[in-house]
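Should a chain be cited, it is by its letter among A, B, C and D, assigned in written order, with residues numbered from 1 in that chain.
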Amino acid sequence: MQNLPLAGYKPERTEIAVRDTNIGGRDIILMAGPCAVESGPQMHQAAAAVKQAGGTVLRGGVYKPRTSPYAFQGLGREGLTHLTAAAKEHDLLTVTEVIDPASLEEVLNHVDIIQIGARNMQNFQLLKLAGQSGKPVILKRGLSATIEEWLSAAEYILAEENPNVILCERGIRTFETSTRNTFDLSAIAVIRKMSHLPVIVDPSHAAGHREYVPALSKAAVAAGADWLLVEMHPHPKEAKSDGVQSLTPTELQQLAADLVTVAASVGRTMVGTGSGLDSLRSKIDSIDSGIIELLAERMHVVKLVAREKSPDRIRDHNREQEIIQRLGRIAAELQCPADLVREIYALIFDHAIKTQLQDKAHRLDSMAYGR
Amino acid sequence: MQNLPLAGYKPERTEIAVRDTNIGGRDIILMAGPCAVESGPQMHQAAAAVKQAGGTVLRGGVYKPRTSPYAFQGLGREGLTHLTAAAKEHDLLTVTEVIDPASLEEVLNHVDIIQIGARNMQNFQLLKLAGQSGKPVILKRGLSATIEEWLSAAEYILAEENPNVILCERGIRTFETSTRNTFDLSAIAVIRKMSHLPVIVDPSHAAGHREYVPALSKAAVAAGADWLLVEMHPHPKEAKSDGVQSLTPTELQQLAADLVTVAASVGRTMVGTGSGLDSLRSKIDSIDSGIIELLAERMHVVKLVAREKSPDRIRDHNREQEIIQRLGRIAAELQCPADLVREIYALIFDHAIKTQLQDKAHRLDSMAYGR
Amino acid sequence: MQNLPLAGYKPERTEIAVRDTNIGGRDIILMAGPCAVESGPQMHQAAAAVKQAGGTVLRGGVYKPRTSPYAFQGLGREGLTHLTAAAKEHDLLTVTEVIDPASLEEVLNHVDIIQIGARNMQNFQLLKLAGQSGKPVILKRGLSATIEEWLSAAEYILAEENPNVILCERGIRTFETSTRNTFDLSAIAVIRKMSHLPVIVDPSHAAGHREYVPALSKAAVAAGADWLLVEMHPHPKEAKSDGVQSLTPTELQQLAADLVTVAASVGRTMVGTGSGLDSLRSKIDSIDSGIIELLAERMHVVKLVAREKSPDRIRDHNREQEIIQRLGRIAAELQCPADLVREIYALIFDHAIKTQLQDKAHRLDSMAYGR
Amino acid sequence: MQNLPLAGYKPERTEIAVRDTNIGGRDIILMAGPCAVESGPQMHQAAAAVKQAGGTVLRGGVYKPRTSPYAFQGLGREGLTHLTAAAKEHDLLTVTEVIDPASLEEVLNHVDIIQIGARNMQNFQLLKLAGQSGKPVILKRGLSATIEEWLSAAEYILAEENPNVILCERGIRTFETSTRNTFDLSAIAVIRKMSHLPVIVDPSHAAGHREYVPALSKAAVAAGADWLLVEMHPHPKEAKSDGVQSLTPTELQQLAADLVTVAASVGRTMVGTGSGLDSLRSKIDSIDSGIIELLAERMHVVKLVAREKSPDRIRDHNREQEIIQRLGRIAAELQCPADLVREIYALIFDHAIKTQLQDKAHRLDSMAYGR
């Protein structure tokens, strides 16, 4: 890989602050919204749905780079007004795509994050201007850009002394046609090895069909993606572009709930718990299922541990103590009450002993009867 | 998609039994071992490492399809002996690749699963013979095969009245060179929509570098993969082929531990808890971390629920009852003791009430002082 | 590139004899026929059309490797009879595809050339058997095989002491969908640099549409391809497979006529002049047009030469002599009568002098009048 | 294919005038020069070499879109001065790449053709500005653009009422690494079917190695390319970019000579005969070889015609008359003197008769002796 003094690997991964939100750390944030801003009511509904699902950032394109000059090109300034008004109403951050110097200037003071799309990944002038803006920039990977070229494009922004570059994998072009693009999941791992920059994913453009978005989103979080940029439309069938790959509000809410346990499984926290009793309770249900899954798994492993140990050492107070101390530290970090953890684990340990004794009795019994 | 009467979608996903193990259901199984069988001691060490990590199936190639006629072509029958002896010693199932009718016949009565490699995905004669064998067959996706062609290849096996076809994604050929192949993660979701057949992944051949294997493995499980086929070598640096993409025994053990929580996060169970106190305890640690993560997340959501509710309804016995009943059902299914769940959730509910009261007092306090 | 002692570059390109025909030298040969042998009458018509167009080899698949097990799989032994009978009747050589050991054995004593298809390029057992057969083997490039892998596959055949390997480019798999595959024209040049083996093309499978076949064929000859393998069907619309990419007999005849001048333009000879007065005369017309094109171009260049020379040296007998001698040598090599060449060039030189004198007079005239 | 009212197919192909040169008609024009303008002397030498080879247009990049911000970015305005001065000195047209609005404005009044590079094929703002400029625009295909997307990009320029769009194939991105890109030769044929716009090729960027450029250039002309854009550097080893794919002046001259016969073979004329006695004479030699090749081929076919005809009809005056008239028409079109053609063909016909009589006598003789 060529020399990338600014985008290349550093021991510390970079965290980028967008207002009071951080990217690149422990937290995983959901950005969602329609491909294109179409109207005020549409954005109002979209923002409400994003908020309810627990999203933090509202996306919506107002300048659309379209393959054909006759396709809908975006609402421009009017769309920007709808985007920012809807976001403000629901206390969300905003992100929108810029496609040239004029659109960059237009949106600069109105949105929190600017996005440079796949087609413009090597529009070097635009990269430089985005660099000079100092704004957080989501830089999407080009349709057939190697990871090295992608990092080199990031270098153009960084070289203008703007450290706030967020890389976004959105699928590459291959021969496979059952998805719109081929989601290069490995890019997350490669970027985390080659660079210190945060890396996010856009599963919607990769998949091209809404039904594949949840699987891709979970996979991305499990692989180490920092944020998610998902297309959601209040009424996908009426969308002016990309309707077929947009989630409904309900699907977004479900996905957000499902991601809580996946994030936790790799030591990350899905930020933004959503609003509304229904939404919150579905999240609690998802968490509780996860806890029980792990509890069952724990029981199972403990049983095997018992068989490995000498038969007279049922209880191992030192090991219990170690566990409690370790979990206390983790709990403190996560602002989870340490006394609750202690009480729960006391129950768990007691139960384990009880089970082991039964198991032992049962096995001795079996032996006695020659079974 | 063309007519695939046997490989196409059915409402019920197919479960395939390999001796007393099942694929296609809730359980996720780890298959691991070296790319090529090189010697008896190597396979003995490999089998011990797979067992310790909790793996169920030992892999090892004895007939190697190599790009060059001058590369190591595998140990053949001698290698088969090493593979089966090592597996038997550690009570593991076996899988090995067949490359032509002769090798198929040779291994048929000695291994549990036969594998057809990417280069032979459209070797239709071999597919038919594999079909006639009746054995479980892992069918790897061709280097540039579309998913449709892959399912059509499966149809060749199924048409011989062998229903035991397991599809294996192993990366496709693209322009990107930072990984050996481009892991097409979406294929898991597409297969689950297009077909009833189990789908597994080989993250090692996709990545080509061992350091990317954990991320790809976690992602695959999160996306719905049924099993994992991972390359592991007792001494990767001395491997005759693919050493650079093989995990060490320690790395495999760590990966297996990490996968427990990821599997649980999507409602699956990582089967095979491994052996040896160290291995089991590292698995317990991983589970406990996951539990605390979820507990912390739960506390956080509950706080928000409290704010949504009317201030006089701190405790909601009906909701508590619902939760307990729901979790009881899940616990029963997972063979987790229901009484333990009840006791733990009693603690959790009590703690939640206490926190809410404090929170409320704190907020009233703030209001009183005009803060 | 890895070590390829047998397939790699040698100063002398290899020529392979197929009966009394040679591949790898100056001659370019046309192989044509239907994708699949369907009936006796079909092959009779096909053979007549190939002969009339000037083709030397009749192609026709009797064992078809089909993506789906339910697609037409070829007529097998019966088809072989049709192929060889039709070829014998019209004094053509034959080529057919083999897909496994059984089909190889079946066709071995009946056809002149065996073909290994793209899907079997890395079916190493089949490569070895083809090597042991000693027959001329057309080895098609795999759908996503690198040129290096393709040469390594050839090495498998050569290593069995069969030097008669003919490489065939037939398009690779890319994202572009307007052609069935992407014809990798550069492969011809790369192979000629990397290897001593003959290289041919199959423009039909590359293009996937008959209307693109002529352009690809001409390009391939211009780039240095040794032979052409073209799909032609007496009635493309009724073809059981690949009808849309098959030329009609008339289109094949036109293509063969057009290729005569293209071959000549790069110092090659299109072998096989066809039969039937119409076919031969259309070939003569094509040649005559080429001669006039070059004559006109020559006149034009000579005029410029005249302007570069000093005005008093209109005739340069030494240069004329040199040209006559050089062309005499070329004519002898091509068995073209030297006296005819001399007579024609005497006319050409005389005419050139006449033109130069007129041109000079005209220019002096212009100068005199200050034009 | 989507609706492309302006770029889509029309029965008449469009011809674009660039000063007194035309693209899209019978003439094939050579554009050549270095990748990047580096100095005045370099461009002076480059222009002289282009002129000598018979090129019409001088290329040279002054604004370079480079993958890395630290690579040489071009000389800008100073480079433009070198380019235009060198072109003027040698009476050449000019082409240079624009990469953003500023560079477009800078070069607009100084060069004859503007070029939009592969990376900017979907920089829609730049396309629109290029459209508004009214200048001839070479639009290179994007690295992974489908032909449909490429035509849609052209539509952006055409929609600004600038009809002067020239499409340029320069290779697409695939898995193959022996060439820099994969030259999609079929694109020429597809464009000629889908669109009325001229299509040219850049074999240098496709190949990435100078040794493959001649084969690709000949192939492109044979397939119907309208112009060629070739990289040539006076001293490739010292080039600041792309030296390895640049021809030397001598190689360019040889290529230009070789292309004369290839162009003639498909009914096109390679415009620009070059200057300097050596260059012109090498072109004459190439033409003469072509004439003899065709003459020899003609003799061969005539012999076969004779055998098809009834033995008593050696001379066919009607056919001779037809040929003379047909060639007279072609000669007139090409400004080749009709009397010379008549005289030459009188010789050819006489010789054919003589040969046929000998051949007949010989065959009768053979029969008499039972041979």
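To be clear about the criterion, a residue touches a chain if its C-beta (ideal position, glycine included) is under 8 Å from a C-beta of that chain, and two chains touch if they have at least 3 such contacts.
Quantities reported herein were computed from a predicted structural model and do not represent experimental measurements.
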item	value
Least hop count linking chain A to chain C through chains in contact	1
Most distant chain from chain B, judged by the mean position of its C-alpha atoms	D
Computed distance of Cα centres, chain D from chain C, in Å	21
Computed distance of Cα centres, chain D from chain B, in Å	55
Centroid distance [mean C-alpha coordinates] between chain C and chain B, Å	51
Multi-partner residues of chain D (each touching 2 or more other chains)	144, 173-175, 177
Complex contact set, residues of chain A against chain D	2-4, 65-70, 99-102, 119-120, 122-125, 143-144, 149, 152-153, 155-156, 159, 173
Residues of chain A that touch chain B when the two form their complex	144, 146-148, 172, 174-179, 182-186, 188-190, 192-194, 206-207, 211-212, 215-216, 218-224, 258, 260-262, 264-267, 269-270, 273, 275-277, 280-281, 283-285, 287-302, 304-305, 308-309, 319, 323, 326-327, 330-331, 334-337, 340-341, 343-344, 347-348, 351, 355
Chain C-touching residues of chain A, taken from the complex the two chains share	144, 173-175, 177
